[in-house]
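One chain, chain A, links the two complexes that follow: it is found with chain B in the first and with chain C in the second.
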Partner chain A sequence: MAHFTKATSVKDWFNQRLAVEKVEKVMMSEYWIPKNINFLWAMGMVLVITFAMLLVSGIFLLMYYVPTVDGAFDSVNYTIMREVDFGWLWRHVHGVAASVVFLIIYIHMFTGIYYGSYKKGREMIWISGMLLFVAFSAEAFSGYMLPWGQMSYWAGMVITNLFSGGSLHADGLVEWIRGDYVPAQAFLGRFFMLHVLLIPLAIIGLIALHFGALRIPHVNNQDGEEIDFDVESEKYLAGKKAESKVMRFANDFMAKDLMVVGIFLVFFFYLVFYNYGFAMDPVNFDPADGLKTPAHIYPEWYFLWSYEILRPFNIDLGLVLFAFAQVIFVLLPFLDRSPNSVPANRRGLFGIWFWVMIVNLIVLTAMGKLPPEGIFSTIGLVSAILFVVQWLALPFITKFEKKV
Partner chain B sequence: MKNKEPLILGVVVFFTLVTYYLVEPFAHHQMHKHVESEGFEYADIAKFTPTTNVAHGKELVTSNCTACHSINVENMPAPMDAVTSAATYGVNPPDLSNAGVVYDAKYLAAFIANPAKAANVSHKFNDTRPHPMPSYNWMQASEISDMVAYLQSIAVKAKDLTPAMAYENACGRCHAVHYEKWTQLGTKPAFKHEKDGLAYDIKVMEYEDSIKAYMGKLPPDLSMYIRSRNEHFISTLVENPQNHLAGTAMPRVGVSAETMEKVIEHLEDAGDAKRHEREAVGKNVMIYIVIFAIFALLWKKQVWRDLH
Partner chain C sequence: MKNNNRRGFMGKAFGAVAAVGAVGSLYAMKKSWDPLPSVKAAGFTTLDMSIYEEGVMVTEKWRGKPIFVLKQSAEMLKKAKENPRDIERLVEVDGSHYMMCIGLCTHLGCIPAFRQDKNDFKCACHGGEFDASGMVQLVPPPRGFDIPPFKIDGTKLVLGEVGPEWQAMKDNGITL
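Take a look at the complex of A and B:
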C-alpha cells in the first residue's frame, strides 16, 4: 500500500490521493502544442463548447418534453415555447447549436484533410473523429424526430425505409426498426431513448477516445513540420519561450482557443436570437399527419450532400453509393498513398482534388434540397458521379505524388 | 512569416455563405411560388360610393339580415345557436357587430351584393347548390352603401379592435387556435366538471362536422401557423386564397389591411408568444458576449506577448 503522510494543505491532501499536480501537467501546462498553427486549430474547443451547450439546453428541455405521439408536439411548441420560463431560449439554443455543430464539424474535418492531419501516426485521431461524425449524425436524426412535426414524421418514414434495401425488400427489418408498420408510438419512444441516453453516452466515450488519440502523435501544424516535442519543450521550460517551437496548452493555447470561442459565440447568439429559421424548418411546425405528405421532403442541410448521392440513381445503385458515401471518409488515411503530410496546396494534384471535393460537396448540398427536376437533377447526377470518381481516383493521384 | 489567418477566415466565411445562400434563400425561392401582395385594394371590385344614411341602413339591415345574423351590440340575438346554424348553412353566419370595421367597406358592399363572387368561390356554388347567403344585387347601390354605413356606425373604432377580435371575426368561425383556447364556437371556458368540458367538446365536434361537409375538409388549427408558414404567406393567402391555391374552398374574407395586421399579431401571440422577450434578452446577450469576446482577445494578446 502507498505511504501517506499527514497533509500539509488541502492541495497536498488531494495531491497524495489524486496526483492533481501531475494531472494538471499532463492535461494542461505540459501538454505541448506547436506554435505554427492558426485559428482553425481552435475548432476542437469550439466543438466542446457547442456540445456543452447542446447538453445543458437538452437537459432543460428533457424536463418538460413528453415522448408520446399525442403529447410531443404540444409539449415542445406550447409547454416549452410558451409556458416554461425561458423554455423558448433553451429550445432555440438547442436547435441552432444542433445545426451549427455540423458547420464546425465540417470545418474541423476539412482542416484535417487540408493539412494532412490524418496520417503518420494520426490515423486514430481521424477514425475516432469520423466515428464522432456518425454518432452526431445519429444524434441529430433521432433528435429531429422528437417534436413530432410533419418533417419529423416524414423524414423518419423516408430514412427508415432505406433499410428495406431496395430490391431486397427487407420490409421486416424496417418494421423491426420502427416497432410498427409506420412511425408511431414505438418509433418515437425508441428514438427518444437513443437521443437522450444511448447516443450521448457513445458521443462522450468517443470524445474521450478522440482526445486520447491526440496525445501520442500530438497536434499537427500548418507547415507539415516534424517537431521534436521533447527538445522544444525543454527549451520552453528553460525560459526560452520565444525561441521554442511549442507552447503550453494552458494558458498559452487556451487563451487563443477562448478568443476564437468568444468570436464564435457572437456569431452563434446572433443566430439564436435573430436568424434561427435555417435551423428550424417551417414544415416541422405542422403537427405530424400520416395522411398528408409534404410537397417537399428534405433532410437538414448537413445531410443534403449524402441525400443527393442517393437520389439521382435507381434505388439499388443509389443505396450502394449512399453506403459508399457514408463510409468512404473513414478510409481516407488508407486511400491516401502519399508519404507527404503537408498542406494540400504543396501536394500538386491532391490540392486540386481537395478544392474540387469542397465545391462538389456544396453543389451536392444545394441540389439535395432543390426539387429533383430538370437541370437540377442533371447537375445532381453529374456531381454524385464526380464524388464517387474522385474517391476512386484518390489512391492513384496520391501514389504518384512526389515527396516534398 | 506572413499571417494567413485573414485569408483562411475569408475562405471559410465565403464557403459558408455560399452554402447558406443555396440551401436557404435560393432553394426556398425555387420551391415556393412567390405571390405578391395586392395591397388589400380588391382592385377587381367596382368602385364604391359611400353614403351616410345610417337610419335607412339600420332599417334595411334589420329587415334583411337579422333573420340569420346576430348583432350583439344592438341586442339582436342569433335566431339559432352556432351548432344548429352550421348544420343549416354549413357555417355559422357571423355576428355583425364589428363587420363595419373588420371588412374593407368596398368589399363588404360587393359581398352583400353577391357573396360567392366577392369571396372568389363561385366555382363551389351553382343554381342547385347556392351560396348560403343570398345575393342582394336587386338592391340599389345606395341602399347597400347605407347598410355599410350603418354597420360602420355600430362597430368599435378601428383603434379599439383588438388582435383577438380581428381574428375571431375574420377567421375564427372556421379555424380553431387551441393554443389560445379558441374553438370555432368561441373561447373554451374553464369547466368545473369534466363532464361539462366533454359536452362542450362534443358541440365543437358537431360544428366541425358541418364545416367539414361545407368546406371539403376541416380548416386547420392555426396555433403554429406563424412559424409553419410566415407573415407574407398568411397575409397574401387571406387577401386572395385563389392566388396561392387555385380552386380552394377558402373564401376571400375581405379584411382591410389594418385588420390583417391585427390578425397576424394574434397569430404571433399564439405561435410566437415570447417574441418581445426574445428581442429584449437577445440584445442583452449580444452586449454581454461582445464584451466577453473583447476580454478574451485582450487575454490572448497578454499571454502571447512572451511567445514571439
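Take a look at the complex of A and C:
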C-alpha cells in the first residue's frame, strides 16, 4: 500500500492523493507551445469557450423544452421566449453560438490547411478534427429539428430523404430513421435524444481525442519548422527564456489566447443582443405543417456549399458528389503527396490551389442561398465541378511540388 | 505457461459471451428504432370516391403525407388517353377516372402546388412540373408522383392495402 504522511497543507493533502502538482505540470506549465504563432492559433480556445456556452445555454433550454409534436413549438416560442425570465438570452446565445461555432470551425480548419498542420505526425489531429466537424454538423441538424417549425419539419423531411439513396429507393431505411412514414413524434423524440445526449457525448469524447492527438506532435508553428521540444523546453526551464523557441501553455500562451477569446466574446455578445436575427429563420416561426411546403427550402449558411454541390445535378450524381464533398476533407493528409509542411504561399501551385478552394467555397455558399435560376445555376454548376476537379487534382499538384 | 493457457481460454470464453450479448443488443437497438405498431396500424385511410367533383383538386392525408385526388374532367381524360403513360396512371372507380397519388415531389419530397389555369402541378423547391395525371413533365424529379398502395372496395378506396389494380401498376413499373 502507498505510504501517506500527515498532510502539511491542504495542497499537500491533495497532492498525496491526486498528484495535483504533477497534473498541473503535464497539462499546463510544462505543456510546451511554440512562440512563432499568431492569433489564428487561438481558435481552438475560442471553440472550447463557444462549446461551453452552447452547453450552458442548452442546459437552461432543456429545463423548459417539451419534446412533443404538440408542445415543442409553444415551449420554445411561448414558454422560453415569453415566460421564462432571461429565457430569450439562452435561446439567442444557443442559436447564435450554433451558427458562429461553424465560422470558427472553418477558420480553424483552413488555418490548419494553410500552415500544413495535418502532416508529419499531425494526421490524427486532422482526422479527429474532421470527425468533430461531422459530429457538430449532426448536432446542428438535430438541434434545428427541435423548435418544430416549418423549416425544422421540411429540413427533416428533405435531409432524411437523402438516405433513400436516389434510385436505390431505400424508403425502408428512411422510415426506419424517422420511426414513421413522415417526420412525427418518433422522429422528434429520437432527434431530441441525439441532440441532448448521444451526439454531445460523442463530441466530448472526440474533443478529448483531438487534444490527445496534439500531445506527441505538439502544436505547429508559422513556418512549419520542426522543433525539438525536449531541447527547447530545457532551455526555457534553465532560465534562457528569450533563446528558447517554446513557451508554457499556461500562463504564457493562455494570456494571449484569452485576449483573443475576450475580443471574440465582445463580437459574440454584440450578435446575441443586437443582431441575432441571422440565426433565426423567419419561416421557422410558423409551426410545422406536413401538408404545406415553404416556398424556398435552404439550409443554414454553413451547409450551403455542400448543398450547392448536391443541387445542379440529377438526384443520383448529386448524391454521389454530395457524399464526396462530405468525406474528401478527411483524406487531405493522404491526398497531399508533398513532403513540404510550410505555409501554402511558399508551396507554389498548392498556394493557388488553397486560395481557389477558399474563393470557390464562398461562391458555392452564395449560390446555395440564391434561387437556382439562370446565371446562378450556371455559376453553381461550374463551381461544383471545380470543387471536385480541385480535389482530384490535389495528389498530382502536390506530387510534383519542389522540396523547399 | 499453463496459467497463460488458462487465461487465454478465459479470454476467449468471455469474448464469446460478449459477442452473443453484443449481437443481441444491436438487434434490440435496431428494433427499438422501428416504427411502432400503433404508427403502422394508423397506416390505413379509406376514401369515399363518390364525393369528389370533376376537375377539383382535393388533398387528403395518408400516413402523414398529402394525397392528391383529382377526378378527371372529360377534357383531362381526353388528353390523358392520347398518352399511354398518362392513362395507365389513373385509377378507375365506378366508371370514373381519378388521379390519386402521393403529393410529394419525387425529387426531394416538397409538395407541388396545383395550378388551376394550366391543370398541372409545379414544385416551388426545384422547379419540377407534373401534368393532371401526375406524370412528370419537367425535371429534376426522376418520375411521376408515386401512387400509394390501394384496394378498390365498391365506390371506396382503401389506402395502405394492396389490391390487384395497384399490384398491376407496380408490376408494370408505373409506380414504385
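Note that in this section the second predicted complex is superposed on the first by the 404 of 404 C-alpha atoms of A that agree within 3 Å, B and C clash if a C-alpha of one lies under 4 Å from a C-alpha of the other, contacts with A are read in each partner's own complex, and residues count from 1 in each chain.
Operating definition for what follows: a residue touches a chain if its C-beta (ideal position, glycine included) is under 8 Å from a C-beta of that chain, and two chains touch if they have at least 3 such contacts.
Every value quoted in this text rests on a predicted model; they were computed, and no experiment measured them.
When the two structures are aligned on the shared chain, A:L386 is found in touch with neither chain B nor chain C. Of the two partner chains placed by the overlay, only chain C lies in contact with A:D180; chain B stays clear of it. By the touch criterion defined above, A:G262 reaches chain B but does not reach chain C.
Of the two partner chains, neither chain B nor chain C is touched by A:V342. When both complexes are overlaid on chain A, the residue A:H296 reaches chain B and chain C alike. By the touch criterion stated above, A:A323 is placed in contact with neither chain B nor chain C. Contacts of A:Y274 after superposition: chain B is touched, whereas chain C is not reached. Contact comparison for chain A: of chain B and chain C, B touches the greater number of residues. Once chain A of one complex is fitted onto chain A of the other, the partner contacts of A:V158 are limited to chain C, with no touch recorded for chain B. Common to the chain B and chain C contact sets on chain A are residues 295-296. For chain A in complex with chain C, the residues that touch the partner chain are 154, 157-158, 161-162, 166-167, 169, 171, 175-182, 184, 186, 190, 290-293, 295-297, 311, 314-315, 372. Residues of chain A that touch chain B in their complex: 35-36, 38-40, 77-78, 81-82, 86, 88-89, 92, 103, 107, 222, 241-242, 247, 251-252, 255-256, 258-259, 261-263, 265-266, 269-270, 272-274, 277-278, 280, 282-287, 295-296, 301, 304, 358, 362, 365-366, 369-371, 376.
Against chain A, the residues of chain C that register as touching in their complex are 33-36, 39, 43, 59, 61, 63-66, 107-111, 124-127, 139-140, 142, 176.
Against chain A, in their complex, chain B makes its touches with residues 1, 4-5, 8-9, 12, 15-16, 18-20, 22-24, 26-27, 30-31, 179, 223-225, 227-230, 271, 273-274, 277-279, 281-282, 285-286, 289-290, 292-297, 299-300, 302-304, 306-308.
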